[in-house]
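The following blocks contain the structures, represented as structure tokens.
Same chain, two partners: chain A is paired with chain B first, then with chain C.
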Partner chain A sequence: MNAQTRTWFPYVSPFDPCPPIRVKTYVVPPNLFITFQRPDLPQYSPAEALRAGTLWPSLYGPYNPQQDYTGREGSHGI
Partner chain B sequence: MWIYEKKLQYPVRVSKCDVKMAKYLIEQYGGADGELSAALRYMNQRYTIPNKVIGLLTDIATEEFAHLEMIATMVYKLTKDATVEELEEAGLGGHYANHDRALFYHNAEGVPWTAAYIAAKGDPIADLYEDIAAEEKARATYQWLIDMTDDVDLQDSLKFLREREIVHSLRFREAVEILKEDQGRKTIF
Partner chain C sequence: MASEHQRGKEYYALLEQLQAIDFALVELNLYLDTHPTDSNAIEQFNDLTEKRWALANEYEKHYGPLQNLGRSYSGYPWQWNDEPWPWQV
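For the complex of A and B:
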């Protein structure tokens, strides 16, 4: 988990038909925490910026699959 | 008018022959929260939005068309060499019956694109809040698409597109701040 992920714990019933997923996560991207971008923020190099999709590290919100493709639980995002 | 550059905004490489993924990617092509919806929504709202943020909507609308091209490229690469049998197995039998291997503006379930997906209320705050919501919905759609493939090259392009939604959302939030500031300003002579 990190600063761009939040977790919650859904109710699990003893009568649920399938094995429970006890922890659910969602993303809170960096734009939520910036009202108006300051003009003097550090910047990536052009090559890094293309790869990241943004010129500014403080706007970068990486994402990785919540579980691996085969269905095994993995690290959520980021 | 536009000047067309004959290249993609970000490289698209698809390394896994996974025809089914084409069916899911089409959600971002002709789905409610897809790139076509985004581009047309902003390109239309721009006419009646206050001067200070017209350019922002035009710029973002233009970039959404560049994203549309990237999605189209992904879908095309995944379907161009597929046999009819493979298309059927991927759930694209209905698509083939109607369109052969042509792309079409519909969502992952085959529902055709409709202008009902987008809005133009004319109220600048209402329109910008809709735009912010649209960006967050598109960001989420990209997350689920990234979850659905293990092709790291395809994921790479999708991650770029997802990051752009984050940046656009912030820009629309800033547009709201600009319009708020304008309203509160007192001119003293």
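For the complex of A and C:
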């Protein structure tokens, strides 16, 4: 669970027909918290930027949904 | 058996370098659209553009044109429709 993933807990009713998903997650990437990008922010090298998907580490947001569904009750067995 | 112009490691290294610089240029271009007065970024953009063209010319010297329709030179005979195409690389 990286720093950019937050969780919430859906209501589970005793009458749910299927196994409940008790924990759900959502991602809060850094661009939500940066209104206007300051000049001269530190940068990755071009090779690293190509891997990271952005030139600026402060904007790096690795979105990885699969990590959230493993091993949770009723998580469709992913 | 490998076709006669099978590409070696340096071919892919050169291509990846070019791709990395192109990506950095895309990022800087988008950044500069909203920060037109950031002189450091403009300077970096121009440096990277110069570096990009040097690298592209280096690539084209060895492996033929990267683009067509007058954006790249061709050797003799005409090289544009030679293998490998981008999806074959």
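One rule holds for everything that comes next: the second predicted complex is superposed on the first by the 64 of 78 C-alpha atoms of A that agree within 3 Å, B and C clash if a C-alpha of one lies under 4 Å from a C-alpha of the other, contacts with A are read in each partner's own complex, and residues count from 1 in each chain.
Keep this in mind: a residue touches a chain if its C-beta (ideal position, glycine included) is under 8 Å from a C-beta of that chain, and two chains touch if they have at least 3 such contacts.
None of these values were measured; they are calculated from a predicted model.
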Query = First (chain B), second (chain C), both or neither: which does A:47 touch?
reply = second
Note = Max touched-residue count on chain A (chain B vs chain C) belongs to chain B
Ask   = Touching A:20 in the superposition: chain B (first), chain C (second), both, neither?
value = neither
Ask   = Which partner does A:37 reach: the first (chain B), the second (chain C), both, or neither?
value = both
Inquiry  = Taking the superposition on A as described, I'd like to know which of chain B and chain C A:63 touches: first, second, both or neither.
reply    = first
Ask   = Residues on chain A in contact with chain B in one complex and with chain C in the other?
value = 37, 50, 54
Residue ranges of chain A touching chain B (in the complex, touch as defined) = 27, 29-31, 34-37, 50-54, 59-69, 77
Query = How about chain A: which of its residues touch chain C in the complex?
reply = 37, 39-40, 46-47, 49-50, 54-56
Query = For chain B, which residues count as touching chain A in their complex?
reply = 10, 139-140, 142-143, 146-150, 155, 159-164, 166-167, 169-170, 173-174, 177
Request  = Show which residues of chain C lie in contact with chain A when the two form their complex.
outcome  = 16-17, 19-21, 23-24, 27-28, 31, 34-35, 38, 40-41, 48
